[in-house]
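Here's a structure for you.
By written order: A, B and C. Residues from 1 in each chain.
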Amino acid sequence: MLTERVINWLDERIDLTGIRHFIAEKTVPVHAHKVWYYMGGMTLFLLIVQVVTGILLLLYYRPSAEEAYESVQFIVSQVQFGWLIRNVHSWSANLLILVAFVHMFSTFFMRAYRKPREITWISGVLLLFLMMTFGFSGYLLPWNELAFFATKVGTGIAGAVPFVGDFLVRFLRGGDDVTGATLTRFYGLHVAVLPMVMTGLLMIHLLLVQRQGMSVPLGVERAVRNGQPLKQMPFFPNYVLRDVLAWYVGLALLAALALFYPWELGTKADAFAPVPAGIRPEWYFLAMFQALKLLPAHILGFEGEMLGVLGFSAAAGLLLFVPFLDRRASEGKANRLLTVAGVLAVVYLVVFTIYGYVAA
Amino acid sequence: MATSATGHLPPSPMKRRTFLDRLLGLGLVSTTLAVVYPLWRYLNPPASGEAATTSAVAGRVTDLAPNSGQIFKFGNRPALVLRTPDGEFRAFNAVCTHLDCTVQYKADTSQIWCACHNGIYDLGGNVVSGPPPRPLEPYHVNLRGEPGQEEIVVTRA
Amino acid sequence: MPRVEFRKRARVTVLALGIWLVAYGPARAGQAPGSQPAVGCITCHEGLADARLSAPAVDEPGDVHGARGFTCLVCHGGDGTSQDQARAHDRARGFRGKPAAAAVTEVCARCHSDAEFMRRYAPRQRVDQASEYATSVHGQQLARGDTKVATCVSCHGAHGIRMVSDAKSPVFPLNVSATCSRCHADAAHMAGYVLPDGSPLPTDQHELYERSVHYAALTKANDLSAPTCNDCHGNHGAAPPGVGAVVNVCGTCHAVFSSKFALSTHSQIFDRGCVECHSNHEVLQPSDAMLGTDEPALCITCHGEGDNGYEAARTMRSDIDRLKEAIDASVALVGRAANAGMEMSDEELSLREARNHLTLARTEVHTFDLPSVQKVIQEGFDVTASVDQAGQAALDELSFRRTGLAVSLGAILLVVVALALKIREVDRTYGVRS
């Protein structure tokens, strides 16, 4: 077959033995919780979709305040299948963040971050934050009213950080207010800076997963230690085919969403128009936003918003360094406190996101 | 290999696998095409060229005799391109500044007129009489192309 | 001093004075009358305690007379060089004091009605204000001895008079209504004046005017061409427009409405023309609710059920409402298609035209002629019909896309099924191992 001939041709020039061996020997554990293994691959698939559709979009998009909105309108109405590309990009972005959260929480509850996978966890959490930054910067690019004001509010919250707050706001906005300068800056972030950082982190993350193989839940690890054999499935072709199946389902879902629930264009941003009622960020920031809104203006003499921002930063820090906080996991024991904390976090996120929607 | 009562061999497992493989191959190829086709069409620039917000072609010089005008689409607004009795080309935003009706060129008085409430503008877009509070927004006009057959290109000031 | 000596000196003084006056008199070309400095007047008056006497001595930056060298002496006469009150205020030296109300016009008109004189300072300015004033209600009342009415100084001020185009002038367009209201909104001042029919002159005009679209255009939309008191009542010849003249007055700006109205049956019937429906001072934003046969429509004030007018009003209103609904439906249709990714800017442009027809129909209502209104409405419906057609075509294209998607999904389903089968087979062949 053609593929075999190509592989042989390459093998004669760059020794593919290592890769061939790796593919032939790599296995994936089989147990009750193996469904969560697909979350990482799904995230990767959606990321690839984002990169491809993103590159296609930037062939027609114009990152200036005068032309951005019109260029998106042009893509959606004039460019052939532009509506498909743009809507897939918008939907895939949201699904990507959702699946990334699921992937993060599933690895958390299964304690996959324990030794030797601490770096995988840290790179993963950083990737999650990066995805959310991608979402925040990309949201502004169509330069519509909702995005403009959501960005104004969002970048304004950065001002609550003590000492460097004002600098942060100016740095993010490219000035004192959200203007065309902000748009250009966010565009540069979205298509150049963030992808570069993401590539690095992703390489580390994937390489480590390949080198270290899949982690198993603590219960399964204990069973293995007690002598029970662990079933394994060959990575290629068994696991790969399943992964590809999931990806195809994802593709079908994206296409259907793009057609039946197209993303709105909105009205062009006008800096002097009054803030529309019920302005709020995208759903993945909503829980945080809603919590900040509920905080009283002053708590014990400190600004409520500042304490809120610091609180969330502290939570992010805890999340990042959880492998070093959970000593028991490396010993094979479940840390009840962390499980409870994780469950509470999920509950908080779900409840406050819904609350944020309902409150508007 | 066991034979059935009729003496036929059961279908060889090899054949079944190949059929499934063929089916899979067909499916993969067709879905790949279904993805590549829109991408290919997307990469081909559409007829309108670019997001027309700041410039539009209003027709050819041969379409407009002196002392005449016509409405054309500029972005999402109507615009008026006119030729003065002296032959000069001018263009304005055709949205009347009073209540947004579309203005027109009136050849008998060589003025721009709004039929809704009789607003009258001169050939510079300035209000002569009637209710409009502000003048019409002027646009730049350039001619481009073969002499005698140029396109009238209108751009935002 | 001997009498002869005195008389000789007096004659010489008078002669000198006469020559001096002539030398500096208004006949001297190119020089403002009284251009002898009024230093004496200013030095005394600016030190006086009474503000009414000291204020005029202050040099106002926008003072159009002061800037051109016209001093106190031009209107008040007297000797401006002297600081001795008796000498400065000497009637023999031409001192006229504060002109009485009846004499004010004459004082101002001395220059302002002199075309040759005014040409030297403001060639474009009119010189008929005084004669206009004589025709006004104010002028006529003044002639009858009523000194409560406005004279030149009531509106323009007496000292520190600014140009009309100066934003601080009491007769700058934005300030006119407040200036007129100083008297006309003061019930105590206006007591005793009556309308032609005998009822007391109202004092709520400004209050009503403040609610009008004209006031809003002037103060909020910065449209200085919007009418204020003088635009309808006249400036110097101020008087209410007479019966029959109202249509012409409103028609100076609202020309189309007045010409259509003039052709209608209502122009023969309405005493007060436009005012019957639109009011004179409280001219509110008109709405479709004013037309028709349901409250708060105005047609039913006169028309009752069964008469032609009633039927016409009802039909006109329902036709306009139907066109509005058709436009809204078209907008929704186009919006749906546009949101789904279709190019609808041509249709959006056409919908502008449809809205234009709605505006034109509302204008046509002033003919009070049903067929002509219906003609305009029909043109509007033609536009919405073609837009609906295009919108429907766009939605059909959308269905076509959905079919395309269904086909792709079919292909994907094929792959998914094949993959599932393949996985089963592969699991069997290679199997899971420990």
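One rule holds for everything that comes next: a contact is a pair of C-beta atoms (placed from the backbone, for glycine too) under 8 Å apart; a residue touches a chain by one contact, two chains touch by 3 or more.
Please read all numbers here as calculations on a predicted model, not as lab measurements.
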| item | value |
| --- | --- |
| Greatest separation from chain C - chain, by CA centre | A |
| Chain centroid nearest the full-protein CA centroid | B |
| Inter-centroid spacing, chain B versus chain A (mean Cα positions, whole Å) | 37 |
| Geometric centre distance via CA averages, chain C-chain A, whole Å | 59 |
| Separation of mean Cα positions, chain C and chain B [Å, integer] | 41 |
| Residues of chain C whose C-beta touches two or more other chains | 345, 408, 412, 415, 419, 422 |
| Overlap residues in chain A, where contacts from two or more other chains coincide | 78, 82, 248, 251 |
| Per-residue overlap in chain B, given as positions that touch at least 2 other chains | 31, 75 |
| In the complex, chain C residues that touch chain B | 217, 221, 223, 225, 253-257, 345-346, 348-349, 352-353, 355-356, 359-360, 363, 407-408, 411-412, 414-415, 418-419, 421-422, 425 |
| Footprint of chain C on chain A - complex, ascending | 27, 30, 76-78, 82-83, 87, 229-234, 237-238, 241-242, 244-245, 248-249, 251-252, 255-256, 259, 262, 264-265 |
| Residue ranges of chain B in contact with chain A within the complex | 31, 35, 38-39, 41-46, 48, 50-51, 53-54, 75 |
| Complex interface listing, chain B residues touching chain C | 17, 20-21, 23-24, 26-28, 30-31, 34, 73, 75-78, 99-102, 115-118, 129-131, 133 |
| Chain B-touching residues of chain A, taken from the complex the two chains share | 52, 56, 59-60, 62, 66-67, 70-71, 73-74, 78-82, 84-85, 248, 251 |
